[in-house]
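Everything below concerns the one structure shown next.
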Amino acid sequence: MEYSEEVRRLFDTLPHCGELAAGAGPIVAGEAAELERGAWLRFEARLADGAIVDAAFRAWGCPHTLAAAALTAARLPGWRAGTPPPVDARSLAGELAVPADKLGRLLVLEDALQSLLRRASELQSAPPGG
Amino acid sequence: MEYSEEVRRLFDTLPHCGELAAGAGPIVAGEAAELERGAWLRFEARLADGAIVDAAFRAWGCPHTLAAAALTAARLPGWRAGTPPPVDARSLAGELAVPADKLGRLLVLEDALQSLLRRASELQSAPPGG
Amino acid sequence: MNTAAGRPVYLDYAASAPLEPRVAELMCACLRDPALQANPSAVHRPGRAAAAVVAQARARVAALIGAGPEAIVFTSGATESVNLAVLGTVRAAPAGRGHVVTARTEHRAGLEACRELERAGHPVTWLRPDAGGRISAAQVGAALRPDTALVSLMHANNELGVLTDLVAIGRACAERDVPLHVDAAQSAGRVPLDVRESGVALLSFCAHKLGGPKGIGALYLRRRPRPALRPLLFGGGQEGGLRPGTLATPLIAGFGLACEIAVGEIVKEEPRVRALRERLWAGLQPAAPVWRNGAAEPSVPGILNVCFPGIEGESLLFALDGQLAATSGSACSSASGEPSPVLTAIGRSELAAQASLRLSLGRHTTAAEVDAAAALLIAAVQRLRRAAPPGAIERIA
Amino acid sequence: MNTAAGRPVYLDYAASAPLEPRVAELMCACLRDPALQANPSAVHRPGRAAAAVVAQARARVAALIGAGPEAIVFTSGATESVNLAVLGTVRAAPAGRGHVVTARTEHRAGLEACRELERAGHPVTWLRPDAGGRISAAQVGAALRPDTALVSLMHANNELGVLTDLVAIGRACAERDVPLHVDAAQSAGRVPLDVRESGVALLSFCAHKLGGPKGIGALYLRRRPRPALRPLLFGGGQEGGLRPGTLATPLIAGFGLACEIAVGEIVKEEPRVRALRERLWAGLQPAAPVWRNGAAEPSVPGILNVCFPGIEGESLLFALDGQLAATSGSACSSASGEPSPVLTAIGRSELAAQASLRLSLGRHTTAAEVDAAAALLIAAVQRLRRAAPPGAIERIA
């Protein structure tokens, strides 16, 4: 198995891994698990002023999956409803040189991400404090 | 193939190999050749006073055959008609540690030797000068 | 954390043991010696010098298993020995006597050789191990049929280290006059082994698992009664026609010395390595939950197979990469990623199999290395568990 | 008379060439290197380090014959490569397409593999060489049938050194879409060899004939179209499943370097060794009658096969023992004492075959050694001829 430098670095440090501390602004979560595909991901994001301001992940999977999750969490801040997701399976695969037979895992990640972004959009369109 | 020290020594020096020089006393010869068996031997002996006084050989064959021929030639002097041959296939095989699958060659040697001894006996019983 | 020399802790002796330094020196001397370069089958003096080296080594290899030198056929390794034994015996059996008894937990050499026989129409009985990974003599006895040509079982399982009871199984086979082939690649040189006690008809092993070189192995072939064997290779008459090809003098010399060293050290090494293995197991407990795969005893001393439930195997290997060399339960002999059939045969789930590691120790393993390995494993497991979504440890097992 | 070091003059390169000193050094370094002890199939870092050594060597071995590394399957030697090619191809052929074309002058590896196919019911056409020992493309073309699965021929004959015209025979096979297997054990590294020119489908060779170690060989397998092959051994998936078993890193590394050295030196070495061979032939003329067995050209540079009519082979060998190492025509690969079937196939009598010697030269052979060998031979032959009964030289030939 070949791993890029970037995968090695992200795997070794796992930035944004864990939970967001309770604090200012609502937190939403999105999760997807397909154990047969070898991936289980969970993202959390804090919203403020209609945008994601902080994000975290937890993941079970291969090194590429964990690195992709860390990268995703790093790219989430700044996202706001109505804009395209900051990453998708294709862009992650390219950036991290993920081998073709692992693309299924990135689709699980995409599912978890979309679930997170859907919740975030719902929260924004809901009446504040609702 | 294993060879005894004695075979090595006899093969390296080949004592009594060649022809007897013409000289005092009659010379008899005996020869036997079985190429399929891997042996061709020729013995010569000089007679004096009813006994062999000198002997020589020529041989084509394996190292055991050549060594056995040299040993035979060395043992011939002293033989006289009516006494048993100085060597036979069995005694040579024992003395030179000849492997069993080569006994056929020693039988060829025995043939050549017996032919020589027969001639020698004939010569002795023939009228002198006949 | 690495060893002093900056190299990973090597706990992969079951895949290949490092070459014994004395063996390396003998082999280097042999490789460089101008008097030992000839073909050992040549009848001239340099050929005989090489043949003498081969003869001495053959006696040493035979002595490891209590056999005489004439019972040893040199091969290229355990894979070839196992194939020669399994395919060779069954192909040589009379028509109508082609049934084979083996187990699902065999090494792939035995497994695939038996599958090849199956493809050729031979009936094969595949025994299932108990939860500890063992095949019993009763199972073997029950599987024997009038048309059984061969029973082929391993002595020590290469993933779990559990040992087969050769004496009991040998007896069950002898009662029915069925030849027993034993794959002893993982046990030869690691536990005492005597072919006279178990009455095995054929026994396979190789050098590189016991401190000898890669590329050479042996098949023991009982003399009386001698099992009929059809060769796999045809050519010059080497090894009594059973295994033609120029004999590799330096490899054979190295194999011989490695066997002799193993014979001399086994009494001391076996308990030492076994104690280190238990020290490692104890040292891993802070990573609980941690499970042991396969029965702890009877076993070869150096193999510990553990499952860290909730851990993804590839990430565990990657976390240890460059620090600890071991074999994953998902990649027993290659990078295939398939879960180990041995672990699934003893009842582990696919995910638990992938969360398993075979840690195998040997002659140069130290207590410090074992402690370092335990610390590395605990750190990696805890880190990966913390990274996983809540509930993963429970669900993924 | 011996060489300076008191060792016999070694003229048995065709049986096994001495290990190239640089190869010995590389192998010793590899045997001793703690970082290269792992199984090259292991996915951890030490395993990948060993795999990198294997990969580099594979490229070097492939380059010797103009192939890509992915076309090389490592085996234990030429015997196994030839068997894998011959048995593997024919066993993989569709039913009803199992005819084989080969020659009576093949090495025993090829001969016996084809005999095994014959025993299994495959029709085999056995071509006869001309008096020089050669098989022509016309003979091959005439032997091809609609059901021919394989043509298997050697490149250089191991006893005579004569070369087969691979390009012409390759063309005859290609026209009829029949895969051609070539046993190049005696030519690889000794004459330029490029699989792209001859279009061979499979090609066998080994390390120890070209300055590499014993115990390792290679089978070249053309990529497009790729001949179907049924393995001889089953097990772990090494070598694409065609040849399982732990890869022997030091052997493969040594094989690779030996090939690289051969590639670099062939332009210089080929004419040098050829000239030494002709010097030897000229030097033997005082032993007349002396005959040359096989055509002088085209040939590999290092093989001279001579007959001393009237001489008994075993005595000639014994007379030379400890002074000159060569192979007798009566003991081509063993001490069997059977006359060489190659020599009888080119029309020599059994006795002439037994009175023949293969003198084979190589990279370390010097003019002084050649002259010494000629003097030794002349002395031994003259002495044995003098010892023979009158008429022997004429009758025994």
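When the chains are written out, they are named A, B, C and D in that same order, and each has its own residue count from 1.
Criterion: a contact is a pair of C-beta atoms (placed from the backbone, for glycine too) under 8 Å apart; a residue touches a chain by one contact, two chains touch by 3 or more.
No experiment lies behind these values; they were computed from the predicted model shown.
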Labels of chains that are neighbours to subunit B and to subunit D: none
Select the chain at the greatest separation from subunit B, using centres from the mean of Cα atoms. A
Here the gap between subunit C and subunit D, centre to centre from mean Cα coordinates and rounded to Å, is 34
When centres are defined as mean Cα positions, the distance from subunit B to subunit C in whole Å is 62
Note: subunit B sits from subunit A at a C-alpha centroid distance in Å of 102
Could you list which residues of subunit A touch at least two other chains? 1
If a residue has to touch 2 or more other chains to count, which residues of subunit D qualify? 43, 335
Based on which chains touch which, is the overall arrangement a line, ring, star, complete graph, or other? line
Inter-chain touches occur between A-C, B-D, C-D
For the complex, which residues does subunit C have touching subunit D? 5, 7-8, 10, 12, 15-19, 21, 24, 27-28, 31-32, 34-35, 37-39, 41-47, 75-80, 82-83, 107-109, 111-113, 115-116, 206, 208, 213-216, 232-238, 244-251, 317, 320-322, 324-328, 331, 333-336
Write out the stretch or stretches of subunit C touching subunit A in their complex. 310, 312, 314-315, 318-319, 335, 351, 383-384, 386-390, 392, 395-396
Would you mind writing out the residues of subunit B in touch with subunit D in their complex? 1, 3, 11, 14, 17-18, 31, 33, 35, 38, 40-42, 58-63, 66
